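In what comes next, chain A is part of two complexes: it sits with chain B in the first one and with chain C in the second one.
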Partner chain A sequence: MYTELLKLCGFEPDEIKRERPRVDRAFAKLGLDEEDFRRGEWRLKEYLDIELLGLRKFLGIWMRELVNLVLAREEHDKIVYSDFPMELRPLMSMMLSTDEKEVYFGVPGQIINMTMGQIFDKITPYIEVGEESGMPPGAAHCALYQTRLGAMVKGVIPFPDLSVIASYHCDQPAEAEELLHEVYGVPVAYLDSCSDPNWGDWPKFNDSRVRYCSSQASRMFRMFEEIIGCQMTEEAIRTANRSNAIFRLTFQALIELIGHADPQPISQASLAHAFFLNSMPTRDIEGKQQALEILAEEVKQRVERGEGILEKGAPGVFCTATISVDPSITRMIERTGLAIRIQIPNWLSPWVLTKHPYREWSDMIGVGPCLDIPHSCEAHCLINLENCKAFNVDGAINFYPYSCREWVPTVIITKRMIEKELGIPVLVLEGDCYDTRNYSAGQLRTRVETFAELVKAHKAAKAA
Partner chain B sequence: MESMKRLSDHLATRVKELTRLREGGTKLIGYAPGGYMPEELVYACGAVPVGLIRGGDPEPVGESAAYVPRFMDTFCRAQIGYRMLGEEPLYQMLDLLIVPVTDHNIKTIADCFNFFAHDDVFRFGVPHQKDEHAFEYYLAGLHALREKLEGFTGNKIDDAHLREAITLCNRMRELLKEISLLRKSEQPPLAGYEFVKLNHASFIADKAVLIDALESVLQELKEKPPSGAYGPRVLLTGSTLAMGDYKVLEMTEAAGAYIVIEEFAEGMRHYWENVQPDGDLMEALADRYFRRRQPPAWFRPSRERLDYLIELARDFNVDGIIWYQLLYRSSYDIQSFYFEKMVKEQLGIPMLKVQSDYDVSEKGPLRTRIETFIEIMKAGRRG
Partner chain C sequence: MRVNIKNTITAGVDVGAATAKTVIVTDGKILSHAVIPTGDSVARAAEKVTAAALEEAGLSMPDLGFVISTGYGRNGVAFANKAVTEIICHAKGVNFLIPAARTVIDIGGQDSKVIGVREDGNVSDFVMNDKCAAGTGRFLEVMADVLGLDIEEMGPVSLTSKEPCLISSTCTIFAETEMVSLRAEGRTREDLVAGIHRAVASRVAVMGRTVGYREQVVFTGGVAKNIGVKNALESGIGLPILIPEEPQIIGALGAALLARNELS
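Let's look at the complex of A and B:
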């Protein structure tokens, strides 16, 4: 039933055979049927550059994680969850300090989004249960957290023995986890920081902010060790740090290659599967790195051959729509003739890569929120602007997720900054990265098409 | 009451008075009213603090849409609207705005005042839990604030001035507390609505005038004969109770119930605890404003606040709880889900959750819900 689908997701025939009993059990629990598999196949072919082996390997990583997640209680003694915006390094260091057989470690919200959303378009039932379970509709709660709550309450995925959550960057994860704790008794370890730099401070940050977050990282690690019954190891920390750095640098080179290529070599919707692995812990470190390197090589070859998904000379835009549950909006934007040079902004600004003086593991975690978008609203807006400059775009689509309290304040400030400094058109689009019920590609198309005409005219006028 | 009248006359001329002070060189320091900004520091450097607590009007909320999308807490959007509309004098005459960053909604006020109004805004962080590192962080924020104020006003904050300011603010809190506690009696001598107005006045009035008025109010209330009125007693709690946002109070009391106690994250001054001015005064401020302050819904563990609410409900012998939250304040929305269960289990009284976006169209349905709720409480009492 699902053989073809798994092949599209990079599974080899012998793996499909070997894994069939597990996949059967997981898919049955998820309520996936023939129609879903057909829809999944169609979506992969319709929206992604599915002929690329690197992408198929990424899809395989997500699909395996989905099966592991659903079967976690049957197969492991202990379960630890996290989710966005928790950084990958602390998660990986905790995960790698545990025995693979004993402890399952995952980010259920993201895994469900990237599979049940992206591939099967079947995310809504989870959101609806989340809405009935303490995160009601109409209140702009984050659908990522509604989804994971809904999946637990529905019994499709187990409740964890521990949740580790970042309470900086946005308030919602911690609010949702307090609910999980109060209503379902799940212990939660928080990584706290304060987003309090003054306007004009970016990219500076103060030591006390780092130290505070560092103290919370130590506390989180201690709680993890106590509840899971393990010891964080130096080796796990080193591996987490190194593998993360290598993946990010390779990813950085890839997005620069894509962003500067003309024509645009692959869809940004395809790249999303690699992008979200920047925050999904997996024990398959080698497989993940290998997938990225294969993808990078494939993209390089396309660029060298002058191949792409759009015509050469298409106007380029910066676009913040990285929608993890639905590739169709990104594809719709590209199909209006706009090359998305850079998204989200996932290009790391030079400041993010700057060396800092912290060497203790907890301090290195503590400095994380000071270096990038979580630094402040000002940082978020200026990084958007820098992304536009770095890729010399002709316009920007500032897609903002309904429900995201972190993102919302940056929307109009970013628009004004880009318009003022670069003199290019900016479209503000309201949508949702995690919930497809209220916003669809079809509904947004007319506005994007009109905007595309504007950008094209703007580019032509500039060239004349 | 004569003293209340005196206070409202003072408030009516306060903008004029502040304008005069400002012309004379006194700095006006605005702040977000979440209870984490020690006014004592402002007084100690010779400036005048002004809490930004206007709310309840639909126009500023509408105006804010040009600067921030709608998915933000209503009160915070209203603050942006008041500033950008330019019609509310207090919002236009500030020399500096201080924003203790409590959550994303409040932070957005700072960002919009900075970017769109080009105001001078100073932020400091409020961690969401209370371990010793969090305390240190908050204290470091207060030190940074002190430095900012000293630089901004050109006046050094010395211990003598700070102690004097602490004494002044302590007296104000003491009086508010004493007045509030009178409502524990079976027949409260003042309506919740009246107390809230006194509390709101404390964000804007001259402290000496305020203290004088509060002393008289207290005396008058103590001497007031029992009214004979007897209605259901209500605990009103939620995210923000702004100055001007009196609809829930008015509707509740018009329907024959008494709001005998309130607990809000913002808009209401916290008066239960005083600063203990022994030892290091900055630490004493942090102890009062952070460690001993009852936390809002975004604090962890959330139990601390909820247990406190249960205790308040018992202490003030309430018959029901009204949970009043503003739209898109997600922390309150989520917390209400499990608090309602606690109320049922631990107190056995009803709870009504209502929500507002400062929209005039809400009033009809809101009134019906409140009146029904009060009928339920009355029936509960008879039963």
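Let's look at the complex of A and C:
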């Protein structure tokens, strides 16, 4: 029933045969049937560059993680969850300090989004249960957290023994995990942070803020050790940092390659499957790196052959519409003839990292890159602006995700800043990163098609 | 439809949520236009309204050199040679009729837009609301129904208001409830209608601030026929507003003009 789908996700025939009992159990729990598999196949072919082996391998990693997540209680003694915006390296350090057979580590919200959302378009039932279970509709809850709660309450995935979470970007994890703790009795190791510098501080970091974050990280690690009953090891930290650095460097090179290539070699919707692994700890470190290297090589070959998904010379845009549950908006934008050169948060600019005064220290405790993102609203705006400059774009699409406390405050400021400084058109596109009920491709198409005409006219005028 | 470059007669077909409109032009002149309710089929409405416009001009389908469809149903017009968004078409249509126009406020049945227009009729910036009924023609229809008025009566009725009501809800459903309460308090029909117009205007005026209002401001779409909303908008944005003679057909007109460009 699902053989063809798993093949599209890079599974080899012998793996499908070997894994079938586990996959059957997991898919039954998820309520997936033939219609879902057909829809999944169609979506993979319709929205992604499915002919690329590297992409199929990434899809395979997500699909395996889904099966592992659903069967976690059957197969492991202890379960640890996290989710965005917790940074990957501390999570990986914790995961690698534990025994693989004993402890399951995962980011359920993100895994469900990338599979049940991206592939099967079946995310809403989880959100609805989340809404009925303490995160009601109309209260601007983040659907990422509604989804993970809904999946637990529905019994599709188990409740964890520990949740490790951070407030780098917004207050939603704190609220959601308080609910998880108070109502469902799940212990929560929480990394608090405060993102309140003055306008004009960027790129300087407030010393007391960094110290506070550090003390919070230490507290979180101690709680993890107590509850899971293990010791954080130097080797685990080193392995996490090393593998993360190698993956990020390769990923950044790939982003640069795609962003400067003409024509655009692959869809940004495909790249999202690699990007979101930046937030998911997986024990398949080798497989993840191998998938990225294969994808990078395939893209390089496309660029060398001058192949792409758009015509050469298509206007290029910077676009922040990275929707983890749905590839259709990204593809819709590309299909209007706009090349998406760079899609934040796909790329942390090297110039941002090199200016970071606490880089060495934060690298040491494993929270480095994440400190760059949530510095302030000012940093948000300026990083977006710098990305527009770095990729010499003809326009920008600034996504306005409902219920996202991190992104929303800067959307209009960024629009004005880019328009004023670079003189290029900027579209504000309303939607949601995690809840497809809040928008539709059809509804957004009028805006995007109009904007595409604006950008094309602007580019033509500039050339003349 | 086959493109006929020898024929300079072109048509624009705007299939909106409430009405379908067709305009036929040639050599910078409007030959005819027609407006009908969209009904339950985009394809049928497009055919019917275009047939009506052709009949008025004494033409038939093969006489058309190029057809551009627009509006929310633009991709459902089988005989169109091309589909273009209504935002682009409104800018083009307004620019043709009022070259000094720099801002278009378009309020239709299911959405509202504020469009910045360049001297050449191209769009400079835009903002659009199609997620919420407040600030659209639908809001007015619901309120007219509550008050037992015809939609056409609302404009003239509001002009005699002495003290417009304050409708604080921005949601159509809650505003309806608020209307019922205000009516129970004994507020006059005139004041209620004027309050409704203010609520619509305020919503659109605030939305358009990201684009900015520059003179000349032109008001299009079916709601532009409502003098009460026009007055409330002028007061909301602090600028005078012009309304074309047939505000409903501007999108279709722009589409017909763009179709003419395709031939050249």
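Some observations on this one:
Note that the second predicted complex is superposed on the first by the 444 of 464 C-alpha atoms of A that agree within 3 Å, B and C clash if a C-alpha of one lies under 4 Å from a C-alpha of the other, contacts with A are read in each partner's own complex, and residues count from 1 in each chain.
Just so we're on the same page, a residue touches a chain if its C-beta (ideal position, glycine included) is under 8 Å from a C-beta of that chain, and two chains touch if they have at least 3 such contacts.
Predicted model only: the values in this text are computed from it and were never measured.
When the two complexes are overlaid, the chain among chain B and chain C that reaches more residues of chain A is B. Of the two partner chains placed by superposition, only chain C is touched by A:450; chain B is not. Legend: residue contacts after superposition of the two complexes on their common chain; A:192 is shown touching chain B, with no touch to chain C. Residue contacts after overlaying the shared chain place A:412 against chain B and chain C alike.
Of the two partner chains placed around the shared chain by superposition, neither chain B nor chain C is touched by A:265.
By the document's definition of touching, of the two partners only chain C reaches A:425; chain B does not.
Applying the stated contact rule after C-alpha superposition, one finds that A:141 touches chain B and leaves chain C untouched. When the shared chain is aligned, no partner comes close enough to touch A:316: not chain B, not chain C. Of the two partner chains placed around the shared chain by superposition, chain B is the only one that A:179 touches, whereas chain C remains out of contact. Annotation: chain A residues 412, 430 touch chain B in one complex and chain C in the other.
Interface residues of chain A facing chain C in the complex, by the touch rule stated above, are 412, 415, 425, 428, 430, 443, 446-447, 449-450, 453-454, 457.
Within the complex formed with chain A, the chain C residues making contact are 72, 84-88, 122-128, 130-131, 210. Taken in their complex, chain B has these residues touching chain A: 66-69, 71-72, 101, 103-105, 107-108, 110-112, 114-116, 121-129, 131, 133-134, 136-137, 140-141, 297-298, 300-303, 327-328, 330-331, 333-335, 337-338.
Against chain B, in their complex, chain A makes its touches with residues 134-136, 139-141, 167, 170-172, 174-176, 178-179, 181-183, 190, 192, 194-199, 208-209, 211-212, 215-216, 219, 377-378, 400, 402-406, 408-409, 411-413, 416, 430.
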